[in-house]
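In the two complexes that follow, chain A is the common piece, with chain B as its partner first and chain C second.
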Partner chain A sequence: MKQAKLIEEKIFKSLSGIATYSLIAILAFIIVVIFVKGFNALSFDMITKTPKGGYYYGGEGGVLNAIIGSLYIALGATLIAVLIGVPAALFINVHLVRHKKTQTTVRYFLDALWGIPSIVYGAFGFTLMLYLGMNASLLAGIITVALLIAPIVVRTFDEVLSKIPIGMQESVLAMGSTKTETAFKIMLKQGFPGLITAILLAFGRGIGDAASVLFTAGYTDLIPVNLDEPAATLPLAIFFQLSSPIPEVRERAYAAAAILTIIILIISLSARALSRRYSKTIIK
Partner chain B sequence: MLSKRKISDRISNGWMIAALVCILLLPVIIGVALYFKSAPLLSEHTLGELITSSNWHPNKGNFGFWPFITSSMYVTLLSFVFAAPVCLLAGIYLTQFASKKLIDIMHPVIDILAGLPSVIYGVWGVLIVVPFTANVLAPLFNTESSGYSILSGGIVLAIMCIPYMLNMLIEIFNTVPRGLQEASLSLGASYWESVKHVVIRGSYPGIISSFGLGLAKAFGETLAVMMVVGNMVQATANPFKAGYPLPALIANNYGEMLSIPMYDSALMFAALLLLVIILLINLVFRYFIHKTQQR
Partner chain C sequence: MELVQAKVMTPSPLKATRHEKASVPSAISIKNLDVHAPGHHILKNINLEIPKNKVTVLLGPSGCGKTTLLKSLNRLTDLYKELNVTGTINIDGDDILNTRQNVADLRQKMGLLSQRPYPLPMSIYKNVAYGLRLKGIKDKKLIAHNIEKNLREVGLWDEVKDRLNTPANNLSIGQQQRLCLARGLAVKPLIILADEPTSALDPMSSSTIEKLFREIKSHYTIVLVTHILRQAKRLADNVVFMYYGEIIEQGAPDDIFKNPKTEKLRQYMLEGN
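Now for the complex of A and B:
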């Protein structure tokens, strides 16, 4: 009897250990495959040149257009998402702090919003674009991605703000500050590490998302200079080149995938490092 | 006379509440916009006909979504079957048995898995999972497959959903009071027994909810699935055959949707369908989670 109990424990403990370590193995496997395949095809031209004539038949050029396009879209979208998301998160934690029920309900809906898939945002962005009479452009892409990542900014920032003790706000209000001053001078500063995480998370999501820009940003071999011009994006560059029948073009899809993975890794790791660094300056 | 501080307070309060209301209204606006776009289709066909018919010939005006809906459900279900046990076991290990050091390593691992874009999973799927299905799994079950199949889609999707579900599970397991577990240990339960009877039973609604949310996430995933699933319109029970999930339908045909009458309406209807299904699942299961966290 006692024996069986211990054997069961041993079996499940090792099974769950295997499950955990297998996640590390899967991540390593994915990254190694992408890097090995990608670095074979990666060249200096890939990141410094736009596609030249005959590029899609194996001719010269690179994916600079897609790298720049993706950066533009992710930067623009993050900026808009921060302008909407930060005040919204501050409002939940400053103005609603005495209304627990409303606060919980708002968080509940925000969480649900997080689950909406990006293809739905893409379809909506497309509808909006037709309605406003716009063409597939940098601006349309930025707006669509901004809508997609705004809930992420709000919820991630809110998570950090909600952990700030309420006494901090009370003491500031007691000294005669307005709610706005409490929000922007105290809460924003105290929650700054969380804001950095939120921004980088949103930026990473924005740069890697393909389904939302598929309809709205279009695709072009040129680097966009105006908001109403179409823009290429890195995920779509990978996707289109991978479906090519020509092996050289597919090789470049792998290279572009390696570039995107490196960008995402840098964002992930710097989010951790930065939030640790800035959390030293807040009052505990 | 209002002071400058009061005025700026009013302005910024207005801005803050406007931002929050905008975000909260977003799903409603999206829903309404998509509904208006799909209205022409809905006025010609009934909802039941659209969902249950498998007659898909956009050129002739026949729009039956059944093959796409079944493909979506099939891929989602397969991914769930692969991902759920791994998540449950890993979640238990990380909250009960793991050393501090392992947890410190696992945090960035889960973050990066969650942060990798779906196109990267797609590339990996095309390079590894598709040949694996065609050359190893299909012969194992005595069938033939090109590899671009529902099974491949399920495998890739499972890996994408793991970090999402695992994060929620870890949070839920951490809310189980330590004292309860200690009580069961002191009554002579083995460590695993206390996990089984206290931790898992205590967080039952939470576990079900995170599984449900994982399913919803899988249901809406687009690019990675689309790259490995084969994209052929057919309702099939064979996982080695190609499928064509709803999100892939939308993403694949946006180019030609304005050249065929009603086609854009049909695709927007597909997007509306996705939105409604996923939002409903989210609202229901998030409700459970919120209830458990308040306790």
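Now for the complex of A and C:
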């Protein structure tokens, strides 16, 4: 009997270990493949020049258009998502604290929004764009991606806020703070490390998403200088250039993938560092 | 202190007839207070006069409604939709349950010390400054002066004066509780509500807090919930014994502790010692 338990323990431990480490191995494998493939193309030109002779057929130049376009869209969308998401998450945790049922319902809808596939956001953004008489543009891309990532900001931040003990809120209210002061002066501060995680998670999703910008931001060889101009993005740079018959163009796709991966890695590392830094003042 | 207490407690023949009520004015006057939760009558027809600038101690077994009573006094019960609070609570000439007055303004008249201290997620300095700023005090010098004064009052100044700008969460629990008391006192409340303020603290910090209460008690109306009978004896001017949502005995500590009238209180005191 005891022997059987011991064997069971051993088998389960190895299986769980394999599951864990194989995930890490897959991540390592992805990074290796992307970098090996993109390495030849990953030149200085790649990050300083736009494609020459068209992104599909021209072999020269780089993907600066997509880097800039992606950063514009992800930054703009994150900004909007934070402006909407932060008050929303605070509202759920301070003003709705008395209304548990509403709180649960709101969270349920936000979770549903989070789960909607990005291509659906893309289609919705496209419809909205046509309805408003806009063209595929930086602005349309920003709005669509903002819709896509706003639920991420709200729910991730909300998750952290909801862990703050109610006693803390009580003692702040007991001092005579209004709910708004409690939310924006204290809860925001206490939840700040979580907010950073939320922002960077949302930014990462925004910069990496192809489907939502496919119809809304369009694609171009140029760097957009106005909100109503189309914008290239890194995910679409990978998508379009990978199908090109020209080998140099295909290499550019891998370079774009490498750049995107680097950006995402930088974001997740800085998320950890920043949120640790801002954890110093919070009350445990 | 002893003298003042004696004066109040010994009914002088003159005062007893004419000014009995006026000699111990109420800071808080509770009438027909009921608190219902779904399927649970938490507070049952509470009628209580809490004397001004005295310590009123709430005693009673766990779950009898002491915290709920305290929270009704500063309307923290508002945070819980399931609680239905009815009756009247008169504070400073205003029925706080049915007032038009802003609940935030109302709460500024009271300080709250909870079981576990909750300093604000900011520096020690800002913890005390926060309440002052809420009150509309902007003068930096005045704020700095007040901070020093109140941190001295709770005996924290020497311990923290060189690190006022470091986060308050670095303080020990006992120091945090004293900081919370300092920030409460800084805004000059009329009333201090304390819900087992020493139960999470080490003996040293507990006795510091207790000592502070003794020092300040002639200037504030203090409502103190405690499970520590000896603490109640040391601090109370007025003892209220609650049982299952009802007040079943109240009076001066000498009467209550020496001659409990009900079996329940006798039992409670036996178990407490």
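Keep in mind that, in the parts below, the second predicted complex is superposed on the first by the 267 of 284 C-alpha atoms of A that agree within 3 Å, B and C clash if a C-alpha of one lies under 4 Å from a C-alpha of the other, contacts with A are read in each partner's own complex, and residues count from 1 in each chain.
In this text, a contact is a pair of C-beta atoms (placed from the backbone, for glycine too) under 8 Å apart; a residue touches a chain by one contact, two chains touch by 3 or more.
Note that the structure is predicted; figures quoted are calculated from it, not measured.
Undergrad: For A:97, is the partner it touches chain B (first), chain C (second), both, or none of the two (neither)?
TA: So A:97 only meets chain C here.
Undergrad: Once the structures are superposed on A, label A:269 by its partner contacts, choosing first (chain B), second (chain C), both or neither.
TA: After superposition on chain A, A:269 lies in contact with chain B alone.
Undergrad: Which partner chains sit in contact with A:178 here, chain B, chain C, both or neither? Use first/second/both/neither.
TA: both
Undergrad: Does the superposition put A:166 against chain B (first), chain C (second), both, or neither?
TA: In the superposition, A:166 contacts chain C only.
Undergrad: Which of the two partners, first being chain B and second being chain C, lies in contact with A:246: first, second, both, or neither?
TA: In the superposition, A:246 contacts neither chain B nor chain C.
Undergrad: Touch test for A:37: chain B only (first), chain C only (second), both, or neither?
TA: In the superposition, A:37 touches chain B alone.
Undergrad: Of the partners chain B and chain C, which touch A:282 in the superposed model: first, second, both, neither?
TA: In the superposition, A:282 contacts chain C only.
Undergrad: Applying the touch criterion given at the start, work out whether A:186 contacts chain B, chain C, both or neither, answering first, second, both or neither.
TA: A:186 sits against chain C, while chain B stays out of touch.
Undergrad: Kindly list the residues of chain A that each of chain B and chain C touches, one partner per complex.
TA: 178, 181
Undergrad: Tell me, which parts of chain B touch chain A in their complex?
TA: Spelled out, the residues of chain B in touch with chain A are 5-6, 8-9, 12-13, 15-17, 19-20, 22-24, 26-27, 29-30, 33-34, 37, 85-86, 89-90, 92-94, 97-98, 102, 105-106, 108-113, 115-124, 126-128, 159, 162, 166, 190-193, 195, 213, 216-217, 219-223, 227, 247, 250-251, 254, 267-268, 271, 274-275, 278-279, 281-283, 286-287, 289-290, 294.
Undergrad: With touch defined as at the start, can you tell me which chain A residues reach chain B in the complex?
TA: So the residues of chain A in touch with chain B come to 5-6, 8-9, 12-13, 15-20, 22-24, 26-27, 29-30, 33-34, 37, 83-85, 87-88, 90-92, 95, 104, 106-124, 126-128, 131, 147, 150-151, 154, 178-181, 183-184, 201, 204-205, 207-211, 214-215, 235, 238-239, 242, 253-254, 257, 260-261, 264-265, 267-269, 272.
Undergrad: Give every residue of chain A touching chain C within the complex, in rising order.
TA: 97-100, 165-178, 181, 185-186, 189-190, 280-284
Undergrad: Along chain C, where are the residues that touch chain A in the complex?
TA: Against chain A, chain C makes touches at 71, 74, 76, 78-81, 104-108, 110-112, 114-116, 118-123, 130-131, 134-135, 167-169, 180, 183-184, 187, 193.
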